[in-house]
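Each in structure tokens, the structures are laid out below.
Each of the next two complexes has chain A plus one other chain: chain B in the first, chain C in the second.
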Partner chain A sequence: MIRLSRPRAVASLAAAAAVLVPVAAMADSSTVPVTTVVATGTRTLNVTDPTGAAIGASGLPLGAGHGGALLVNVTDLNYQHAGYQVSATMTNLYPWAGTTYDFNGTPIPSSAISVGYPSNLLDLVNVKSLVDPVIQLTGSVSVGPVGLGLPTAINQTVDGTTSSVQTLADQVTQSTLASALAELPVTLGTGETGSFDAPAALPGEPTAHPNPTSKVLMSGTAQDPATAALVSALQSTYGGETAAQLVAAGLLDQNAVISAVAQQLGITPDLLSASDITSIMSSLTGDITSIVGSVLGQSGSYNTMPTLSINVPSSASAGVYRGQLVVTLMDT
Partner chain B sequence: MRSRRIRHYALVVVALCGLSAVAELPADGVQTARFGLAASGARSKILHAASDQPIHDSVLVYNRTGSSLTISLDVVGVTQKADGSYSLGASGSGLAHDVQLQTRSVTLPAKGRQTVGLTINPVGDVSSSEFAAVTAVAGRASSPGVSVTERLAVLVGVTPPAAGSSHGGRTTHARRVAVIVATVLLFALVAMLIAWLTLRRRRTTAA
Partner chain C sequence: MASREGSAVGNDSHTVPVTVVVHSQPHAPAVHHSPGSSLPFTGAPLEALTAWGVAVTVVGAAVVTTLRRRRPGSRSAL
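Coming up: the complex of A and B.
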């Protein structure tokens, strides 16, 4: 027989317990997997020319005869409820020596380049909030053998499944933004104007630029939109539909309906026959009464159209100059 | 010597048990048409309370294209303005000086993803929050005029200890509760075992 020394025995048993406890929990045959939906979608940045085409080999020409406009778009798809910021930094424009920057040449400073919004374009498209609605089910049901069950009035509230709700028109423009602000899951902020006083560094540039000017082009702050508008929008779409229709629409889970009804009838759900369940699902109708907790996330597309303009110094030599605008998307 | 080694193994087991309680699945984050960048776990940013120990965390980088893609990573200083917006500064400035990335460049296969570790070195006492951002760029555009480069960033923040939290909101609370419960259970188990062993030894000695 092997006798363990006390420290070894304690350590071994502690280790065994630490390993066995979770394993035992997993091996339990009565374990029920629990699933829930957490908004883990995407937030996508797209910087294009004003027509929506990619800014590719042609770059963004500045100067006389060139617009210098960009379309900056951020699109949320069931994204977690967080704010965002799109900002830009600008480098100096250096003489272009065929294949590389001529860092020995005199640059056009970034301060000669300004950002503005002459088109005043700032809009949101298809903004939706992700919420968990609360549904009140009412109606009269008869359970048991046909003709024997007494009708019982049902009045139960059930938590619905996570749903996307649109309370606003497809497009909110700058002129309608103020009136729609309370209904937005993420507000929309206008961008900063003015010149890029301090440059950012270009790759390989010998001069350090420790404090580049960063201009916010567009931003949004997460907020809880007015609950009444969300409830009203859901109610106008789904209010009065039968439980079966609400399940088909993905707004309700059938088990939740059956459990709530069984609770009011004072029986366990397994005592309900298939025909009872069919009868319940077609007899009860739902009304959306409130929202559980806060907004979980949102979908939507946010646009702005900044324009870069340049004031070329009179001392600048003739030639081709190049630089770099870096547009950054960050959650806030 | 042997008992020290055994104690060490026991500590490792307990630590592994704790880690399994806090493991999280990665979530998708900000992205362009070609690549994406996210804080690991279900977070939109990386926030930690100031510590006198290095803080280890990570970001997730992913390739959305159908071909191999090289993504350059960097850490830039960030200043919070009075209106709450953030100003992204230069590489290595401010808090960025104390944030080290495991690598500055990752080449990902088609649809590939990679977790990149980062370490926030001890920054001493901070009286107000300090920020940096991990940035990602997929190649630099080179074109006539002004080239336009899309860049993604994940905010990294170090907060004063009292106000700090390693992760956001409900996740932090749930994690703390899980860790506390796991720790209490482990201590209770160990205490019961020690008591049982002591009793058993006394009985053996008495017999």
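Coming up: the complex of A and C.
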């Protein structure tokens, strides 16, 4: 019985396999990688002396004969659309023995140090908004063998690729800030003045200072700049250029153009020959009509110049005193 | 507070050393005294001092005048 049944089983398996083969082919799949770009730029904080040079190891000198000014800079490079705040805390100033603090000595309290902005310097440089433009493509194209294709008028709107747009002059100063405010992706606010009433802690300081006074030195709030200015700036730069030129400029993706045209022609894009595509790209011109949604991010450099002043207590002994100003950048 | 994306790191921070050189104190601290302050007030208005001075001077002059007038009288009585 067993010997007789084996050929039957083999035959059954073969039949099953024959049935399964076409089923497996119908279940075929293809993996398509999908990518998108989110604003992944950088935001950095720089604290230097007023000339932009690094503050030396000897520190920022305060007191008679010294300005006590420092330059605080925040630089965005295609950074996500977010506000910022730069704040500072101050420690007590302890007698400085050349390499270490003398925590047994009587410090000059942080409350003797004040921050102000006597120069009123506040500016933004090269501010740009990161947007997705909407482009209207128009023109007449003829596809198919030469002489056979009839001209077809094209009028299609496509989303452009993310672009950086500058609508303002290279530099916006405090005097021009108010008039430029509507076009800024991130505003610029002045800082707080006054003394550091409660100190921050120095490394190794035996006394804890859990609630130091924090002074905002500069801040900015994310906002949507006026769309009309962005569209106008893009249009003045790219308006009227061919689709091929817009692709070369990085404002358009060629596949988006071909897909839009094929849709209006009523054919799938794969039916267009290479010469058809070349003809389409050179025949259509683009105009920037709007932007998609909100501002995605921004580039720019924001600066302020706070100044530290000190009122040395009359009880302070002669000598060198040292402390730390800690400047912190946060997204808001 | 929002977090950063991409290559940016979290909240950035810079530490700036600050130095002060105290050479010496140029003078003793100025202290202002006034009536009612915590320090004793020993002064008197200049006008009052002047008035007392005049009064003492006038009294003194009157005593001298009286003594001088009595001396001739005493002699005649003797």
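We adopt the following convention: the second predicted complex is superposed on the first by the 302 of 332 C-alpha atoms of A that agree within 3 Å, B and C clash if a C-alpha of one lies under 4 Å from a C-alpha of the other, contacts with A are read in each partner's own complex, and residues count from 1 in each chain.
In this section, contacts are C-beta pairs under 8 Å (C-beta built on N, C-alpha and C of every residue); 3 or more make two chains touch, one makes a residue touch a chain.
The shown structure was predicted, so the numbers you read here are calculated from the model rather than taken from an experiment.
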| item | value |
| --- | --- |
| Which superposed partner A:S219 touches (first chain B, second chain C, both, neither) | first |
| Touching partner for A:I108 - first (chain B), second (chain C), both, neither | second |
| Partner chain(s) touched by A:A228 [first = chain B, second = chain C, both, neither] | neither |
| First, second, both or neither for A:S317, with chain B first and chain C second | second |
| First (chain B), second (chain C), both or neither touched by A:V326 | both |
| Partner, of chain C and chain B, that touches more residues belonging to chain A | B |
| Touched partner set for A:A169, first chain B, second chain C, both or neither | neither |
| Which superposed partner A:R43 touches (first chain B, second chain C, both, neither) | both |
| First (chain B), second (chain C), both or neither touched by A:V292 | neither |
| Which of chain B and chain C A:A53 touches, first, second, both or neither | neither |
| Chain A positions touched by chain B in one structure and by chain C in the second | 38, 40-47, 55, 57-62, 70, 80, 82, 90, 93, 96, 113, 308, 320, 322-332 |
| Complex contacts: residues of chain B adjacent to chain A | 2-3, 6-7, 9-10, 13-14, 16-17, 20, 27-33, 36, 42, 44-45, 84-91, 93, 133, 135, 137, 140-155, 185-186, 189-190, 193-194, 197, 201 |
| Touching residues on chain A, where the partner in the complex is chain C | 38-47, 55, 57-63, 70, 79-80, 82, 90, 93, 96, 108, 113, 308, 310, 312, 314, 316-332 |
| Residue ranges of chain A in contact with chain B within the complex | 5-15, 17-19, 21-22, 38, 40-47, 55-62, 66, 68, 70, 80, 82, 84-85, 87, 89-90, 93, 96, 113, 200-201, 203, 208-212, 214, 216, 219, 221, 308, 320, 322-332 |
| Interface residues, chain C side, partner chain A - complex | 1-8, 11-25, 28-29 |
